[in-house]
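In what follows, a single structure is set out as structure tokens and then discussed.
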Amino acid sequence: MSNDEGESRFSLPVRVYYEDTNTRGTVHHANFLKFMERARIECLRSLGVELDALRLHEGLLFVVRHAESTYLRPALFNDLLTVTTDLCAKGRVSMDFVHEVRRAADATLCCRGRIQVACVDAKTLRPRRLPERLLAEIADAC
Amino acid sequence: MSNDEGESRFSLPVRVYYEDTNTRGTVHHANFLKFMERARIECLRSLGVELDALRLHEGLLFVVRHAESTYLRPALFNDLLTVTTDLCAKGRVSMDFVHEVRRAADATLCCRGRIQVACVDAKTLRPRRLPERLLAEIADAC
Amino acid sequence: MSNDEGESRFSLPVRVYYEDTNTRGTVHHANFLKFMERARIECLRSLGVELDALRLHEGLLFVVRHAESTYLRPALFNDLLTVTTDLCAKGRVSMDFVHEVRRAADATLCCRGRIQVACVDAKTLRPRRLPERLLAEIADAC
Amino acid sequence: MSNDEGESRFSLPVRVYYEDTNTRGTVHHANFLKFMERARIECLRSLGVELDALRLHEGLLFVVRHAESTYLRPALFNDLLTVTTDLCAKGRVSMDFVHEVRRAADATLCCRGRIQVACVDAKTLRPRRLPERLLAEIADAC
């Protein structure tokens, strides 16, 4: 989970199926955000954080507060993509993730996204401090 | 909600957007099931049943037990579709809905589906008797 | 299509169905982008632009280049939402749309988005000038 | 791709993400059809058939003609599922696939589906004979 620049980096392969595409022949722009979420969930899992357990045992949810995505090249049906996840900033109640989606075959950058995720109480949806355990793990990863 | 044959019939217009299509240029087969669900929800609403209130006040959920769909003609981006809902059978704990999805412009039949929906307890997911109020309303509609 | 501030404004009602929600009880963040796209398509239709005809007769596609969305309040199953569309900037080859998604019942702002849409050649995906007809219609609307 | 009963059998792991679930806490019934399609595509890939190449080089599409699915147990967010694919019948222009979706942890059967897929001309959408190469590969697999 770290690279030369000292950032965390996690990589998830994602295959493009029909469900992801649209009649223009390309992956629908909103579906790239779903690919990024899959990568984020797997990145957190690699850090020991299971989101269903976090909700059940600690009453915490991670919710998207802000999302920004830039579309550079189309991804097509049957493409194998690589979605990277970098944790580029963290506060007490939120984290910023940067994702890149590239075609695995030639590393063409299709989409780049920056997603702010807040930690909230599962019942009240009010901001809650990120769990200490995660903060420690993230500190190691960054 | 009734036609010459004495069946209930409810009709919902659905516009096809990019999100519904796939790279082959047509609506994805699984998305027709989502269109049918929208039509079912609006049909139930027209009978006075709001599914969020049913869950909150009576602890009941309606869940799909069985779905069968036949695909006859493609639907395309920007098509205006008409989704009909007929309640063709009901028991004490489940209902069978028949849906047809047609292009509004020329009534071409794109897809036909038959969906069995069961009434279950929202917590245990065990079968529960359909609410009396709905049974009465359905009886009138059939 | 215009309001007191002289901006274009188009409003689309969107009902939240099960397909739009996720296990946290709220509309999935990526699906708000799909609601905004529906609103954009209906806004363009109200200006006389049908995207299937634009592709067929003029060989043009509108594709999302950049999307930014802020999530303020959750939207829930069965909520009736109102999605507004404002064209806030246009160039020769792209347009910027601003959308707000509010609960119809109490006007609570759930999500705000800014989407840059480029006009491209349907075959080469290279930038193309927005059609004159649309530029004229947009000029009136702005 | 074969088991004791002499059927072809292909198995694909699928992780459940937020995008797959709905507010009732479970995978949306229509999304199981998408999981089955992913498994079908990977099964065909394991037989040497790439659907994008089939369209490009032979002008053929595989389209769903009929789908039948039975929902037995819910699948939840973060569940790891196993989707099996069995080719249970084939004609000259279509194939029948049977899928089972089970929780990987305890093999609980969540959903069973039977999907008829037809081979059609990519342009006319008229029935076309399944490619010889595939028929031979399928014959070996069955």
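By written order: A, B, C and D. Residues from 1 in each chain.
The rule is simple: contacts are C-beta pairs under 8 Å (C-beta built on N, C-alpha and C of every residue); 3 or more make two chains touch, one makes a residue touch a chain.
As the structure is a prediction and not an experimental result, all values here were calculated from the model.
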C-D against B-D, pair bridged by the larger set of C-beta contacts: B-D
Most remote chain, CA-based centroid, reference being chain A: B
Interchain centroid distance [CA atoms averaged], chain B/chain D, Å: 24
Geometric centre distance via CA averages, chain D-chain C, whole Å: 34
Touching two or more other chains - residue numbers and ranges from chain C: 18-19, 24, 26, 28, 30, 34, 37, 76-77
Sites on chain A touched by chain D in the complex: 15, 17-19, 34, 37-38, 41-42, 50-52, 76-78
Residues on chain A engaged by chain C in the complex (per definition of touch): 24, 26, 28-31, 33-34, 37, 61, 63-71, 74, 122, 125
Residues of chain B that touch chain A when the two form their complex: 18-19, 21-26, 28, 30, 76-77
